[in-house]
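Quick notes on the structure that follows.
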Amino acid sequence: MSLPEIASFILLLAGAVFFFAGTLGLLRFPDVYTRLHALAKADNLGLGLIVLGLLFKAPGAAMSIKLALVWLLALAASATASFLIARRARQHSIAPWRSGEHE
Amino acid sequence: MLAAAGLALALGHAILQLPQAAVSLPTQVAGNMGQSGVEHPVTAVLLNFRGYDTLLEVAVLLLAFFGVMALSQTQSMCPAEPAHALLQALARLLAPLMVLVAGYLLWIGAYAPGGAFQAGAVLAAAGVMLRLAGLLPAWAQPGRLLRTGLVAGLLVFVVVALIALGQGVLLQYPSSAAGTLILLIETGLALSIGLTLSGLYLCSMETRA
Amino acid sequence: MNAALLYALAGVVLFAVGVAGLLALPHLLRKILAFNILGSGAFLVLVGLGQRDGVVDPVPQAMVLTGIVVAIAATALALALARHLYERTGRMQLPESRGAEPESRDD
Amino acid sequence: MNGMTLGLALFLLLNLLVALVRVSRGPTPADRLLPALLFGTTGVAILLLLADAMHIPAFVDVALVFALLAAITGAAFARRAWREERETDEPA
Amino acid sequence: MTPGLAFDLLLAAALIWSALRALTTADLFRAVVLFIVFGLLMALAWARLSAPDIALAEAAIGAGLTGALLLDAVGHLRAKRKPEP
Amino acid sequence: MKPAPPLVWAVIWRTALFVLLWWVLSDGRLDSWTVGSGSVALATLLSLRLSPPTRGRVSFPGLLRFLTYFVFQSLRGGIQVAWFAMRPQTGLRPAMREIDLRLPEGIGRVLLINTLNLLPGTLSVELQGRQLCLHVLDEHVSAEAEVRMAETFLARTLRLELEPA
């Protein structure tokens, strides 16, 4: 395996770890707001790392920018969607969980 | 429940027992690709070899749309609360991108996966997005322009078919002009599929009292 | 076991699940979901069987493509009809299944 | 190398399916929707990995479409579906 | 077992499971979410079947239209629910 | 010389952007421009219709600095959430905070909210007037400092004046 291939693989692996963390957060975190944190941050970082890892293998500049574009679109979508859902949750007066309460 | 399980078992058995097909469709398609005017086999099948399927499909779409429209008019409408500025900003950013991507899918359809259906679906999504952000009015009564757009695909298809009929068989294009004709038809199709699909949503959601 | 055949078999199961749901569930929205699942199963069978010997076949793929668009149009129309019925009668069931137990606690 | 990329895709699919537990656990409708939103990121990642492993660059376009339309489900939910004041909706 | 086959098996099982749950779960909203997930999983299945055309269509329709239509219908039912007589 | 009206500049900039995007999408194939020119024109028209041009201008050094800050911070944000998620005890101490924004109304605030959602420990929940309601993962960390920092970077990028707090 060449050096770029190794670097690419390490990045892909790191991305998968953050996806795992995101899923873990989705299952373990106590309320909808904290789960949205997990979704918006860990998963987007994971996708970013996977895109970065695939950039090493991309055949040309156009493909590389296309991959980056996919990441940017996913960022915009999840940032907006998590705001809209958090806002709606607050309008439905869902109280945020406080430390010390039962998880 | 038991009957469903029995059905699954019987069908599964039938599938596993199925003999190899006598005629190999992939070879036939590959053999005729030269005269189809496009390089992507799925597009060739959709618009050239079996064009009448696609023609009838657009007709079905229009019928469904008229059905939804007829149902939505009998009900009262009330405006929803205005969308948040953030959602509006996202829609303003994404809708032009969706149009661009739809154009891309339309073009790439001649060479690689993509085509009028996918382009139409993405266009429809742009309509849905704009409606959700409150940037697009509801479609109570489609105006003349809208109606023309809706039937554009069908119209272009029929016109091209009639011209071709003058020279031979229904929906068999002369292979020299097939590429251009298919692009023309696909543009009309994408527009009218996009309008119809977003219309299905735009009309059906305005039914709350 | 080849992947195309595996998906074709999954399609058979989905088809059967869809048929059962379409017949057995009284709630109209469920019927619509079941109808879509049935359709997806049939599409999987078509494409999966078409390429079980490993050669990608464009003909079933093109047919499924039209099928998907027709299915979403039918779904939208069915939803509009179901809503209409709901506005008129306050129920989400067909008149003939009124004797069955109502699935009114649907949330 | 292909095997490894496919293996990662498999791992991500597993992640996605485990997250579906949230659909039944809830408790609020928003919690139930979160796994569907995961397709905006995890689904896109799986498609990108598949494009690389199966050598079909068209899957990058599929991923692009996924990412482009990912916001619609969330927006439709927030604007249209979650309307009631009651937030706990366990089946009776 | 190769990772590819494992992926296919898991995906097929997930398709069937989500379809079954969408039809059997008691909560209507849950059913709709599971159906949306089913549609998106179908897009992955088409990708594995080397049918990117269908994957594109399924992704565009599944992410852009089906979800919006069904969520709208659920919201409509909830908003209009009359008290039980 | 009079400065060019914003409409002309907006048309030029947006067309250039969509041309670049089309080039990316079509992988630089020249035969794509028959459809491409039409699509770019449509996209530009729609974009002008949806978001009319304003006088604001983007500062490129500011944008570069903002992007560096953003990438670094979202890395930190992801690691922090992953750390909370993988610890045996999550140790979350969430709280709600209300902060008055200093950025003027408009695109700046929209970008700020989106940025905050990807920054470590903050999730915007509501924006009413200039008051932002923020959900933070750790109540001991000063959310205000994070917001001020992001505001400064954004203001430099968009050449906006910050209002007094």
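The first chain written gets the first letter, and so on, giving A, B, C, D, E and F; residue counts start at 1 in each chain.
Note that in this section contacts are C-beta pairs under 8 Å (C-beta built on N, C-alpha and C of every residue); 3 or more make two chains touch, one makes a residue touch a chain.
Because the structure is predicted, anything quoted here is derived from the model rather than measured.
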| item | value |
| --- | --- |
| Neighbouring chains common to chain A and chain E, by label | B, D |
| Contacts common to chain C and chain F (chain labels) | B |
| Minimum number of chain-to-chain touching steps separating chain B from chain D | 1 |
| Where chain A and chain B are represented by their mean Cα positions, the distance between them in whole Å | 32 |
| Chain centre separation (chain B, chain E; CA means) in Å | 21 |
| Averaged-CA centre spacing for the pair chain E and chain D, given as whole angstrom | 10 |
| Centre distance in Å when chain B and chain F are each reduced to the mean of their C-alpha atoms | 34 |
| Residues within chain D bordering two or more other chains | 33, 35, 58, 61, 64-65, 68-73, 75-77, 79-80, 82, 89, 91 |
| Touching two or more other chains - residue numbers and ranges from chain B | 42, 84, 86-87, 90, 93-94, 97, 101, 104-105, 108, 113-115, 117-118, 121-122, 125, 128-129, 132, 197, 200-201, 204-205, 207, 209 |
| Two or more partner chains touched - positions in chain F | 21, 25-26, 113-114 |
| Parts of chain C lying in touch with chain B, wherever the complex brings them together | 5, 8-9, 12-13, 15-17, 19-20, 24, 45, 49-50, 53, 55-59, 61-63, 65-66, 68-70, 72-74, 76-77, 79-81, 83-84, 87 |
| Partner chain F, residues of chain B touching it in the complex | 84-86, 89, 91-93, 95-97, 99-104, 106-108, 130, 135, 183, 187 |
| Chain E to chain C touching residues, read off their complex | 4-5, 8-9, 12, 15-16, 19-20, 22-23, 26-29, 31-32, 35, 38-39, 42, 45-46, 48-51, 53-54, 57-58, 61, 65-66, 69-70, 73-74, 76-78, 80, 82, 84 |
| Chain A to chain B touching residues, read off their complex | 73, 76-77, 80, 83-84, 87 |
| Contact set on chain F toward chain A in their complex | 21, 23-28, 74-75, 77-82, 84-86, 90, 92-96, 113-115, 117-118, 120-121, 123-126, 133, 135, 137 |
